[in-house]
Every structure is written in structure tokens, then in C-alpha cells.
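Got a structure for you, written out below as C-alpha cells; questions coming shortly.
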Amino acid sequence: MSPAADTVVGLLVLIGAGFVLVGSWGLVRLPSVMERLHAPTKATTLGVGALLLASMIDGRTRYGNWTAHELLVTLFLFVTAPVAANMIAKVHLHRTRTVAGGEADGIAGPPPRPDDEGDWATFAEPRRNCPGTPPDP
Amino acid sequence: MIALALPLALGCVGVAMLLTLWRLVRGPSLADRIVALDTMVVDAIALIVLIGMTSGTDSGFEAALLLAMVGFVGTVAYCKFILRGDIVE
Amino acid sequence: MALLILIGLPFAAVLLLMIARRAGRRVHMLIAGACSAAGLAVLLSQAEPSLSGRTPMIRIPWMPTAGVDISLWLDPLALLFAGLILGIGLLVIVYADGYLGKDEPTARFLSYLMLFQGAMLGIALSGNVVLMLIFWEMTSLASFLLIGFWRTRVEARRGARMALTITGGGGLALVGGLVLLAKVAGSYDLATILSRGGLVQASPLYPVILILILLGAFTKSAQIPFHAWLPRAMAAPTPVSAYLHSATMVKAGVFLLARLWPVLAGTDWWFLTVAPVGLATMIFGAGVALFRHDLKAILAYSTVSQLGLMVMLLGFGTGAAVAAALFHLLNHAAFKAALFMHAGIIEHETGTRDIRRLGRLATIMPLTATLGVLAAAAMAGVPPLGGFISKEMMLEASVRTGSLLVPALATIAATLSAAYALRYAVVLHIGRAPIGRVMGTAPHDPPARLLAPPAILATIALALGLAPMTLAGPLVEAATATATGGARLGLHLALWHGIGPALILSLSAVAAAILLLWRQEALAPLAARLPSFDARRLFDGAMTATVQGARRLSHLIHVASLQRSLAVLFLVALVLGGEAAGRFGFAAGPRATTPASPVAIMVWMLLVVATLAVVAVERHRYLALVFMGVIGLVMALAFLHLSAPDLALTQIAVEVVTILLMLLALHLLPGRPPRLSSLPRRVRDGAIAAAGGIGAGWLAWAVMTRPAREGIARFHWANSHALGGGANVVNVTLVDFRGFDTLGEISVLAIAGLTIFALLEPAAGGIAGRRLREWRSADRFSPDRHPMMFAVATRLLLPLALLVALHLFLRGHDQPGGGFVAALVVSIAILLQYLASGFDWTDARRRIGEHGLIGLGLAIALATGLGALAFGAPFLTSSVGHVHLPLIGAVELTSAMLFDLGVACVVLGSVTMALAQLAHVAQRAARPDGEDPR
Amino acid sequence: MSLELLVASAIAVLVAAGLYLALRGRTFQLVLGLTLVSYAVNLFLFATGRLVVERPPLWAKGVTDHADPLPQALVLTAIVISFAMTALTVILSLRGFLEIGSDQVDGLAEPGEGA
Amino acid sequence: MPHPGLSALLLIVWLLLANGITAGSVGLGAVFALVLPKVTQPFWPDRPRLRIGRAWLGYIAIVLFDILVANIQVARLVLFRRNRDLRTRWLVVPVDLDTPEAITVLAGTISLTPGTVSSDLSADSRSLLVHALDVTDEAAEVARIKSRYEARLKRMFA
Amino acid sequence: MTAADQLMIAPIVLPAITASATLLMRRRLRTARAVSLGGCVAMLAAAIGLFAMAQDGSIRGYALGAWPAPFGIVLMLDRLATTMLLLTEVLASVVLAHAAVTGADRRGWHFHALFHFQLMGLNGAFLTGDLFNLFVFFEVMLIASYGLMLHGQGASRLRAGLAYVVVNIVGSALFLIALGLLYGLTGTLNMADLAVRVAALGPAEQGLLRVAGLLLMTVFALKAAVAPLHLWLPRTYAATMPVIAALFAIMTKVGVYAMIRTVPLIFGAGAGAAAWVPGPYLLPAAILGAVLGFVGVLAARGLREQAAFAVLASTGTLLMPVSLWREATLAAALYYLVQAVLAGAALFLIVDATMRRRGSYADAIVPSPRFVGQDAAGLLYLAGGLAAVGLPPLAGFVGKVLILDVSYAVAGWPSIWTTILGTTLLGVIGFARSGSTLFWKAAPSGTAAVEGPRRSLADFVAPIVLLALLAWLTLAAGWVTAQTRAAAAQIMAPDRYVAAILGAGR
């Protein structure tokens, strides 16, 4: 393994692990749910991404075989992580607005309404069948 | 460099997991705990990748892939339970 | 052969009666009568050889390993007893024909009676103790049925149960005694045992054997204190009383004592146990009989007393006493059967059995009265009847004991016997009491079929006195000889023996009896004041206490408590494990341990904290589930780190499905329930749990620190690729080396799916359905059923997941993966659709039903396994082949992959069946018909 | 600190927690307890093959240093079976609750309730 | 071919899974890429039409770049900014996209780039609720999202 | 591999096929019923064939997947296994016919599939020569029994079912721990190989070995409902549909079978600290079980509960001679086992026939108005009681005498004798009380007559068949005891077993 590759991989590993750690640190220290929700994004994206990249290069340089399937992990994370974040945010919104004794609003306060008459999906029956979602019986 | 970076990185991820656990135990809200659990899955994927690099085997790939693909199912199911009670309607 | 016919006849009659149970009463009577008569004829045909020493016998091998044969013999003792059984049996059948009412189920009655007859004959004829025990117990059973014949009457049921309990219990003691006897004597063959008296009596177990056997004999023969069942058995129809409780069953005990006399008698143990019991019973029974008013009760207690007499005689241990006992056996059978039938006629004609309401029968029913007086006289021991002779013989034997007390007490007993017998004869027939309630017509002598049997018996009782040697001499002599196992005594039976102490005692007994009878009414209150020994109440009390005690014990132990079952199980495992540790220790072994990296320790902390958190928040179930998710994740990481990628994959996938399942169920369970157990209880459980945890952990530690032995796995490693066609040894093991386990495993999964389906299918109806419809959560929910991002992402994920599943499936033989995980991935992808888009929407798009998938999967797996059979190879033998596909080139295919496909189908079918069914149950309940639209 | 110690103590903690929960008398706790116990048992069974770090039993020519594949296969079977049992227990608990109206394992009424 | 885009994606994913490009993997991948969309069609009956081409590659590049930059910014926030100095805001982003797929990609992009999380969609799917970790000018941020991502998505989803 | 050898797989594959087939025709009950009965008959034929094969005294191995022992899984066929198979198949045929006649299979879903899976589990447990495979078949057997036990459902059944399931799950966990220990110590799972390797263990391993043995025995004891691990049984069996409980009569005996199979082989004289590992515990436990069983018979308030306790008692009685671990005592135990299974099943089927006629009185031991077939039912109940208690002329008595006979050779005989005789008396009292209350006593006046259609007597056939078998067992005791003696001789000569299995190559 060339020193250059060694350095690159080493750096990537450290960057990835560092972002994972920063994400979790954010989870601990940020003041309320919505802020904390931002933290895992770093772990998901740059953290795991850098590690996977390191793994790819590492595999190539150390064992001589190209492995690209690490990309798939990132692909799946990119598909699923926003959904998870969305659902968690909805839980938070739901708990702040509708559950007595539920969670307090974060430092950003309650969310504004989308427009004058409508409301967010978490709070309102869908005004029309949303595109693509199944019609409710 | 790698030889130095890998243990360090493993330590970082381990600490990250413990921090996440702290949030999970501490809460205070349900949403907090779900965030923590979701983060924990990502941390686990990072850990698997690092373990794979340390050992020089590729055998952890399927596990990482599977976690990336179905790890969020638990998260959304927990969320759906809070939102709707019935996770399948 | 004749013996087989002899013993077979009654049972044949039982069968015939059951078959012909709808035929008329005549037919029934004919069957029973003919079989008894035929039996008697066969018996008589064998009498001559038996008496002349050429004992008829037959032996059929039965259980040769245990030395138990079906062997029958007809020695003179057996002949005597069998004659009694069949002769009186025949008369009882004739009598019963007259006695039983029109509506009585004669088939049932007679089949019980014949069952009893067969059992009794069996006791008499058995040449093997096991066979004898079988017949012995059968008599208890038959008598239970006969006493309980009028089953709606409470007395009948109680009497039957009591008889069964006492004689059955005695019978069990006898089982112990006889088997022990056989073990000590070294054979189950009766003849052999009888020849080994010395061996037996020298054994330290002899007293045990004796007592157990005596328990059997005494209970059957109603000796104190086991006599209580006999009077109570009078609830039976009178023919039954005549047969069982006078002539036969109660004699079984006497027979047994006579039968085992050579091997058991002649010792102090024998004398001191048998004679006093007999004597006491004789006095007690007679005393009670004197003051009873119910005819059948008088006769019953008299039977008790007379049996005591015979037992006492056998206890004396001399040949002459045995002869007296056996001769009295005959006498008693004749007059007591006659008397029971007589009492039956009186009840039949007058409607009462109360001696105080009866009198002057001599004028009203002269024939009946005559035979009654005759039989009673025999019972009283009045010359010239047979009873006189046997009583004199008894007194003679008691004098010969050398003790003064014995003849004195015997005389008292004889006095009392004579008194109640005379009372029966005099008060009933000559007394002044008016006749009580009269049935429609005036009482009169009954028709011949009622009268003839007792008349014959009374005649026999008379004849036994007039011509004892002709009628009974040879038989009694021969029987005595066999009973004592010695030579013939030169027995002389006669009315006149010359003046001796016995005659004086006998005559003074009769005289005293007349005096006693004179003052009977004056004595009655006195007798009533005697400390009464009410065995019946004692028995009832004991029974009630036993049943209550049993209930209390059983209910105390068998509380319907799962927690108790679990706690006991844990404790047993702990105690046993602790025992082994205590005795042998299992300290850590010498194997070098693997140092743990810091990250491993951190992950371990994750596990420990999450586990403790689950316990801490146990009642906040949702939170507990969240922590369970962490534990599952750590498990997967641990497996991965510890070189088990397949396990990690499986763990991850199973974990997801489990969480979904639990969330689905949790929704329908009540919210946050109160705590159930108190603090001490929690501490106790905590202690059990901690001990269990430490035990399990310590075991694991002990194993892991010991060097591994070269095991069978080396074969798996070496042959996985070459013979199994795959590099993933775990997968090859699962689908090939140990594919049979996997077949079982998918069966388990399939059954779980089916059971869950069966459980939930009816849940939409009934109480459960109502609860489901009424179910309202306390929480307010968001109206957003199907969040858009979620729905869209899952739709994209479906084909991707299928692709990954295909990858896992196809590569599983070489890389982590395999059919199981692949199927779980597909299941999760489908379940995600349910989650994101709802049940109905998703379900409408499914193509194959779960049942079909499970059946298909099993069929594929089985067919793959069976395919090998066509090539003469064992089930599940796999074959590896190379297939050339265009474009793709050579592909290695193993039949194990086909098997894996079956696995995948079953997993997919079962998992989706379970979860979809659960997801759907609430909606189905909400539909008006609760039907599954699918 | 050795891996063996970590695994053994993890088994201990899981078993203790599982047994304690299983004895709590309510169905859901029972299910949780059984799940924990099954984790522990799987780990135990796995550990009897001894711990080998990052040498998965994937055959390759010349490799002799590898984890024991057999316990892994056994644990896989055990995981599937315990999953089936867990699923059944969950459904049975639920079904019992729907039929009886109580989630206590012995089907008793709640303390303080009439029925 | 019910959906060429999906088929292409599946083929790529298969090749990545197979971890190598051989005749076998391409052949088998092609088979799956054709069959799977067919099999899963009932679950996704009306898929949007995509314009596969440079626009997609460009979009992916932009997003990856944004992720990189945003990660660093947010890491600074997490590490060095005091909580009370955080300027967290709710943003309402009006959405002009028509298909749920396009909206989902937009929302996903927003969430993937650190510092913003798509939190909810309005009941009429015309607005997106975004939570931003540190924003000074809300309108500018909304405009940035619309121009940088939504405009491109409009072109990619025909 | 001859066709005859291939027959060995039939008892496991046939029910699996039948189960799958009935699954596919789940909505056509008549067809499913016919297939199910056909499958059962085929299995009976196979069992008879295997029984005949074992008559030559040989021990046959069947290497599944052609992997040689001890590396793959082997089935093994000896006299004991074939006896158990034949017994199972006979019982299953009778019970299935009864279920079909009475329509019990219509009372819930998947009766036939579950029934055959149950048989698959039982047969697998009897045939397997591999300890882990035994675990797997135990699980198949158990989970199918859960399904059957819950068949028909209802509140009490659901709760009792939960208890049954959970206790057995914990038992399975213990099984895995014991199994793991044994594997960890020896590196093998094949029973014959285990026998060899256990004997070779060094002193440092003795403690662990003993723990493994004791835990394994705990598991078997739990399945066999050995006191005090029996607490699950009365409730479970009493809550089960009687026709299914009749099939379950053999379930507890599987636990006993597993002990008989493993102890002389693996934990025999050469097993060091684990030699005859149930050791001093089994006899007291057996005595306790017999006593509690018959006390329960006396205390029961319902017929099903009573029959359940009778099963418990029979297991206790059976284990007394087993605990002595001698050829003669095992032979007697096997005879008793065979008759106890048939007797327990007969009793449950009689209870079923009675319950079905008594309407709302069901199986409560209280007087009811007269019902159709009361006399016949009463007679059958009497016979069933005799069989369960062990009184002549049915085989229980012979069995008990045999046990007395053989146990005399050991020091503890007085306790065995006392227990057997004393508990029999308790049983006699119990059955006499309940029978006379149920079939003799008339309901208090004013009680409405039992309603319901006049039923055919077809449901008496199955119990009569079982009772006839019991009578036959008495008559043919010579032949049967010769069989059991030969089986016991095989079991007590583990060396031959080891040679036969480990010698069998690919």
C-alpha cells in the first residue's frame, strides 16, 4: 500500500468517525428535539459516507480488488434516512400540539401554518387525496 | 496512518454510541428517544464498516447493507405507533 | 381343557348377555342359568379325578420372562369352593327370576352376576398368584356393580363405594403380599409356593407378607375392623346378598387363608393375628346381630360373626380346626343363602324387613316359615342340622387350643349366635307382632321359583346334619388335606360324638341363648349403652377427610399460576446446577482469553445499560420496546464481531419483524397497567433472577475458558466447498449437512403461522370481536394515515429490497445470506407497504396467499429431499451440478439451493401470515360480518 | 478485560433481566423477558464454539483459522424457532386479553376491579 | 419495460451487489432489472416519467457538494456555538412540484443536507415545513432551496 | 441404500407431506379429512414395517443427506424407537378417526395440518440420533401441540395455553443451554459420538458435564411432567379438547423416552460425574408425581382434570422403574408406558363421548339428568377408570405387577411398592366417587333434561378400540413383555448402539 493511499484512507477514516462522533455529541448537547434531529444527518451522510469511501479505497489498495458495493449502503441510507427524520419530526409536532402534557416546543417555537386556511398533514385530514398516496376508504 | 486511524476511529464511534445511548436513556421526550435509536443504527453501520476494515474481510457488508435498508423500519414503526396507534391500517 | 371351559362359561354368559341385552327376560335367565348349570356339570365331571388325587390342571404360558403363566387347577379345596359358587349361583339365578321386578334390567343384573361368578371361580381355580390377584380384584369390581345395582339410591351408591374401597384396598394389600410372597418363594406358581413354607417363614419379610395377605383376606371376609362394608352392602338386591354376602365373596377371604395355610400357618405370628381377629369378629358380629331389627342387617352381622368363626378356626393352625372351618363353610353357605332368600321373600310379600313389624308368619305363609325355621335352626346350631356339627367341631377346636379364654369366648359367641338365630326363627314366625304394611294382596307363600331355591338350601342344611359323611365327608377331608398340605386326617363327621366338653359347651350355649332371648327386650337398652364401635361412621369420616385433604392439597399445589410454574422450574434448574457446582466445581479453564478492544467494552456497556433500562421501564411498554431495539442491535454487532455474519444478518432482520409484531400487539393491549407484585415478591423474583443470571454467565465463562476439543465441525469446514458446493460453511450446514434440522425449523415456523392464523381468525367475532370494536385508545392520534414521503420511499424500496433478497439468496451458499434472510427481507419490504399504504391497499396487490406459500415451500423442501431417493441415496442428499446458461455462462447449482428456496417460501408465508393477520384483526372486527374479505 | 468475560457477563445480565421480567405476571413483560432470555441462550449456544474475532467461517483455500461454523448454524435454527415462539406468545397474549379482558398471565382481574 | 429508469437503477444496484462486472452478473442483472419492475408494478401503478440524463447527474453532484459543505458548517455549530446563540427557525417552503415522487426527492434532499430537516408537508401537499438549525434570513433560505433544488427537480420530473 | 432402509424416513416425511397437502386444501374439509386419514394409515403401515424390521435385533442408522455419522444427522432404528413409533401411529389413527367422527376437526382452523405436524415432531423425536435434532423435533412437536391445544379456543384454553407455551419455551431455553454445554465440552451432537466423547472427558470437565446432564434431565422431566415440574400439566390437559388431550397422552411419555434414550447411552456407567445423572432425584420425584397425580384424581371436580391427573400419575408410576436403570426395570417400564398411553387416551376419549352428551353439564362431576347412552358411557368410564388406575383385567394391572416384580431387586423397593399400591387405592376411590356421581346419581328433581339431538353411538367406537387394545395387552402380555425386554436389553447395551451408528459409513 502506497503511503499516499494510506494517508488518504487514514484521513477519511478519521473524518468519518469524527462526523459520527460530532453527530452524537450534537444529539447530547443540542437543546431540544428538533435541533437534535439534525445531528444524525452528519453521521448518516458524511460520517458513514467517508468511512465507506475509505473502505472502498482500502479494499482496492490493500487487496487489489475493486469494491463498489459500499455505495449501496449510502444509497439505502439516502433513501431511508430522510423518511425517518420526517416521521420523527411528525411525532414531535404531534406530541407538542395534540398530546396533553406532551413535549414542549423547541427553541424555534411552534411551527407557522402553511397558509391561511390549511394546516400540516400531521394535524389535518388530507384536503384532497395526496398524489400517490392510497385513497382512504 | 490506517493502523493509527482505525483504533482511534473505532473509539470515536464507540463513544458516539455511548453518547447516543445517554440521549436514549435520558429522553426526555419520546421523539428524543426515537432519534437516538435511529442514530444508533447509523453508528452501528459505521462500526461495521470500521470492523470490516480492521479485519480486512468483507463479510460485514451484507449486515451494513441490511441495516441501511431495514434499520429505519423500526424507527418509522415506532413513529407510526405514536402518530396513529395502529401501525398498519 | 375342562377347566378352561369351566372358567370361560361365566364370561361367555356375560358376553352373550351384553349382546342379547334387548332380548327378553327369559332369554337372559336361560343364558345365565344354562351357563351356571353347564359349569356345574363340568365341575362334577372333574370331581372324581380331583378327589382321587389326580388334580386336573392346565398351564398356558403367559409371561414367561416374569414366570407368570395362566395355570388353573382343581384340587379338592378348589373343588369345594367352586361347587359352592356354581351350586348356589344356579339357585340364586332361579331365585332372582322370581324376585326381580318386571322393569328391572335383567341383562345388566345377570351380566354383573355372571362376571362375579367367573371372578370367584377364577380365585378358586387359579394356580398362579398373579392370576388369582386378577380374579380377586375382579370380584371387588363385580360386587361394586352389584351393590350399586339400584344406582339411583344413595345407600346403594355409598354401599358400593364402601365395599369397593375396603375390599379393593385390601385387595391391593394382597397384591403386595402375594407378589412379595412369590418373590420370597421364588415363583409365582401357587403349587411351588405352597411347597416352600419353610423358606417363606424363615424370611425376615414373613411378617410383612402375612400382614399384607391378611389385610386382603380380612377385608374380603369382613373381619373387624373392616366389617363395615358388609351390612352396608345390603343395599343390593337380595339375590345379590344371598350370593355375595353369604355364600361366596365373603368366603374368598376364608378360602385364601385355607389356600395359603401350608405356607403361612403354624407360626405364632399366624396364631396371634388370625385367631384373635376371628374370635373378636365372631363375638362382635353376633352381639350386634342380636339387637338389629332389619332382617337383612341381622343376617349380615350374623355373616360377619360366622366368618369370624371360620377365620378363628383357620387361625388355630390345626388340621382339625381347618376341617371344622371348611365344613362350616359349607353349612353356612347353605343356611345363610337360604335365610337371605327367605328374608327376600318376606320383604317381597309384606313390603317390610323390620322384625318388629312382622310376626305369625307360620300361619300366613307356612312353607316359607318352615324353611326359614329350618335354616335358622341350622344357624343356631341346633341338632340335627349341619350347623350343630360344625359348631361342636369349633368348640372342640377351641378347647384344644389349651387356653381357657378361647373356649370361654367361643361359647359366648355361640350363645349370641344361637340367640339371634332363635330370635329370627321365633319372633318372625311365631311372634305376636301384627303384620305391617301389606301390599295390595294379603301375603302368602310365593310361587315355586322363589320358594324352591331356599327350600333346596334348607334341605341341604338339614341333610348335612343327618348324613354329613355321605354328603360332605370325602370332600371336606380331601380339601382339608390339601389346605393343610398334609395327609388325610381320617375325618369323622357325625351328630353324636359322645359326651365331651364340646357337647356340654354347645348345649349350654343353646340354653343360654334361650334365656337371653327371653330377656332380649330388657337387654336392648343395655346393649345400646355399650360403647358402640360405629365403623360406618368412622369410614365415612375417614373418606370425607381423605377427599377434603386431597382437595386441599391438590388445590394448594396446583394453583393455576404460570408464575409459580416458572419459579419452580427456575429453582429446580438452579438447585441442580448448584448441586453439580458444589460437588465438582467448575472453575475457569486454562484457555487463553481474547482481549477485548475498547469499542467492544463500549458496545457491551450499551447492552447492559439497555437491558437494565428495559427492566427499569418494564411497565412503560413502549419505552421498553425501544430499548429492546438497542439490545437487538448490539446482538447483531456482537455476532458480526465474533465472526458470525450470518447470525448478524438474521438477527437484524428478525429484530425488525419482532418489533413490528410487538407494536401491532401493543396497540391492542391496555395502556400502562398497575404493578402486580409486592416488594417482597419482587425481591424474591430478583433473587431468583440474579442467581439464574450468575449461573448462566458462570457456565458460559467456564465453557469459553476451556480449550475446545477437535469436534465434528472440522468435517464441515473441510467438505463444505468440495462436497457441499458452497464456501459459506454455515449456510451449507443449514441447507445440507444439517438440512434436516432446517426442515424441522421451517416446520416450526409454518406451524406458528398456522396457529397464529387459527388464533386470530375467530378473534373478530364473539367477545374478542366486541372488545375490538369497543376498543378506543386514550391517546389522540394524528389524522395522517399515510405520510407521503414514507409511502413513496417504501415503493422505491420494494424492488430494491427484492433485488437485495435475490442477491442474499443466490450468494448465500458462498457469502453471508441464504434463503431465510432473503425471505425476511422480502417480508419486511412487503410489511413496509402495509405500514406505509395501509392494509387493504397492499393486500389487494398481493398475488400469492400465505397458505399457498407455506404449503408450496414445504412441498419444495420435501420434494428436494425426496428427489435423492430416486437415486438410491438417503433423504436430503444434495447434488451439485453446473448449468450453462446463455449470456451468463456456467452457473453452479446445488439441489440444496432448491431446498433453500423452499425454506424461503415457508418463511415468507409464515411471517407475512402472522403479521398481516394481526394487523388486520381490528379492521375485520369492525366489519359488520367480521368476515375476511380475502 | 477479555471478550469472554464480556460475553459471559452479558449473558448473566440478559438472563437475570429476562427471568425477572418473566416473573412479573403480565403478558407483555413476559414476552420481553422471554425475548431477553432467548438472546442470552443464543449467545450462550454461540459461545460454546468459543470466541473467535473476525474470522467468519467462509471457506477459502488454505485457511485453517476460522470460527466454529456449527454453533452458528445451531444458533440460526434457534433464532428462527425462538422467533416463532415469540410471535406465538405475543398473539396468544393478545388473544387472551381480547377474550378475557385482562393482560395478566393467569387471566385474573385487575386489583381493585369488580370483575 | 414498465419503467426504464427503475430498470436502470436495478441493473446498477445489481452490479454493485455482485461487486463486479462480468457477463454473468450483467446478464442476470438484466433479467432482474426487467422482471422486478414488472412484478412490483401493482405497488407503484403510476410512476412518474423521468428525464434521465445530465440533469440527474448534475443534481446528484450539487447535493453531494452541499452535503459536504453543510456538514462542516453544522459540525462547527454543534461543536462551538452555544445553544442560546442558535438561530433555529421554522421555514415554510411553498412547493410547486406535482408528483409525490418529486416532492419526496425535494424533501429528502433538504433533510440530507445537514442543517435543515423536512418536517412535514401541508395537507394539500403545497407547502413543506422545514426546520433549519441556523438561519439568519428565512426568505433567502427558502429561495435558495427553491432555486437550487426545486427548479432542477421540475426539469428532472417531466 | 435399500427401499427398506428408506422406510426409516417415512414416519417423518409422510406426516410432513400430509400436513402440506391438507394445508393446500384447507377449505375442503372432507377432502382434507380423507387425505389426513389416508396419511395416518400409511404411517401406521410404515410403523408396522419398521417394527418388523427391528425384530432381528439390529440397530440401523440412516445418514440424512448421506453425510456420515457423526458429522451429519442420523436417524436410528431400534426396538425402542419402533415400539414408540408403532404406539404413536396406533394412537394417532384412533384419535384421528374419533376427531373425524365427532367433527372435532371442524372446531377451528388447520386441525389436520397441525395434527400431522404433531406426528412429525413425535416421530422425529423417536427416530433421531442427534441431540440438536432432538431439540428441533421437540420444538416441532411442541409448537404443533400449542396449535392443537388451542384448537377451539375459549378463555380458559387461551390462558392455560399461554402457561403451557411459556413453560415449554423456558424448557427449550434450558435444553439449548444443556446442549451448548455438551457441545462445548465434546464438540459433537451425535448421541453415539457423545457417548464416546463424554466418557473420555477429563477431571476438569466433570462439573460442567454434570450440570449439562442435570439440565438436560430437567428439560426432559419438564416435558414428562415429573413432579414438581408438573404444574403446567393439569391445567393444560384439562383445558384442551379431550380428543386432543387423548393424543397428548403420548406427549409426556416423549420426555420419558428421551431420558431412556439418552441416559444409558450418554450418561451411562462411563460418564464420570454424570453417570446415571438423574441419580437420586428421579425416584422421589416419580413417587411424588404418582402421589400428586392420584390425589388429583381424587380431588378433581371435572372429568378432564381428573383424566389429566391420571396421566400425571401414570408418568409418576412409569418413572419409578425407569429411575432404577436396569434392564428388567426398563422392560417393565416400557410395558407400563405402552399401556399408560393407551389408557390415558382411552380415558380422554371416554370423557369426550360423555361430555358431548351432557350438554351444559359438560365434564363437571355433578349429577345430571339422564342422557342418551348414559349406561354405555358409564360402562366405558368404568373400564377407562380401571385402565387408568391399573386394576384387572386391563393391562395397567399387569404393568403394575411387573413393576413390583422387577423393583423387588433394588434397595428402595418398599417405597415403590407402597406408592404403587397406595396410590392405586386413591385412584380407585377417586374414580368410584366420580363415576357413581356422574353415571348413577340422578340430578335433583326440577333440573331440566339434557337437551340436544339424539346422537349416534359412533363416538364410542374409538374408546372401545383402545380398551380392546388394553385387554389385548393383558392377554398378549407374554409377547409384549418379550418385546419390551428385548428393547430394554438393546438400550442397556450402548456399545452396540455406538458401533452400529458410528460404524455406518456413507
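By written order: A, B, C, D, E and F. Residues from 1 in each chain.
Here is the rule we go by: a residue touches a chain if its C-beta (ideal position, glycine included) is under 8 Å from a C-beta of that chain, and two chains touch if they have at least 3 such contacts.
Heads up on the chains, UniProt names are A = Multicomponent K+:H+ antiporter subunit G; B = Multicomponent K+:H+ antiporter subunit F; C = Multicomponent K+:H+ antiporter subunit A; D = Multicomponent K+:H+ antiporter subunit C; F = Multicomponent K+:H+ antiporter subunit D.
Source: prediction; values computed, not measured.
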Handout entry: C-F against C-E, pair bridged by the larger set of C-beta contacts
Key = C-F
Problem - By mean Cα position, the chain sitting nearest the middle - result: F
Problem - For subunit A paired with subunit D, centre-to-centre distance based on mean C-alpha positions, whole Å - result: 31
Practice task
Quick one: report the Å distance separating subunit B from subunit D, using the average Cα coordinate of each chain.
Solution key: 21
Problem - subunit A and subunit F: spacing of chain centres that average the CA atoms, whole Å - result: 57
Problem - For subunit A paired with subunit E, centre-to-centre distance based on mean C-alpha positions, whole Å - result: 12
Completion exercise
Two or more other chains are touched by the subunit F residues 132, 136, 139, 143, 146, 150, 153, 155, 159, 162-163, 166, 170, 177, 180-181, 183-184, 189
Problem - Residues of subunit D engaged with two or more neighbouring chains - result: 22, 27, 30, 42, 44, 47-50, 53-56, 58, 70, 74, 77, 81, 84-85, 88, 92-93, 95, 99, 105-106
Fill in the blank from the handout: Going by residue number, subunit C touches two or more other chains at 560-562, 566, 570, 601, 641, 645, 666, 696, 699, 703-704, 708, 711-713, 716, 737-738, 741, 745, 748, 751-752, 755, 759, 767, 779, 782, 784-785, 787-793, 796-797, 800, 804, 815-816, 838
Completion exercise
Per the touch rule, the subunit D residues reaching subunit F in their complex are 22, 27, 30, 34, 37-38, 41-42, 44-45, 47-50, 70-71, 74, 77-78, 81-82, 84-85, 88-89, 92-93, 95-96, 99-100, 105-107
Exercise for the section: Over in the complex, which subunit C residues touch subunit E? Could you list them? Expected result: 787-789, 791-793, 795-796, 798-800, 802-804, 806-807, 833, 842, 845, 885-889, 891
Completion exercise
In the complex, the residues of subunit C that touch subunit B are 597-599, 601-603, 605-606, 609-610, 613, 622-623, 625-627, 629-630, 633, 636-637, 640-641, 645, 648-649, 652-653, 655-656, 659-660, 663-664, 666-667, 777, 779, 781-782, 784-785, 790, 797, 800-801, 804, 808, 815-817, 821, 825, 828, 831-832, 834-835, 838-839, 915-916, 919-920, 922-923
Problem - Residue numbers on subunit A that touch subunit C, as the complex places them - result: 76, 79-80, 82-83, 86-87, 90, 94, 98-99, 121-126, 130-134, 136-137
Handout entry: Sites on subunit F touched by subunit D in the complex
Key = 132, 136, 139, 143, 146, 150, 153-156, 158-159, 161-163, 165-166, 169-170, 172-173, 176-177, 179-181, 183-184, 189
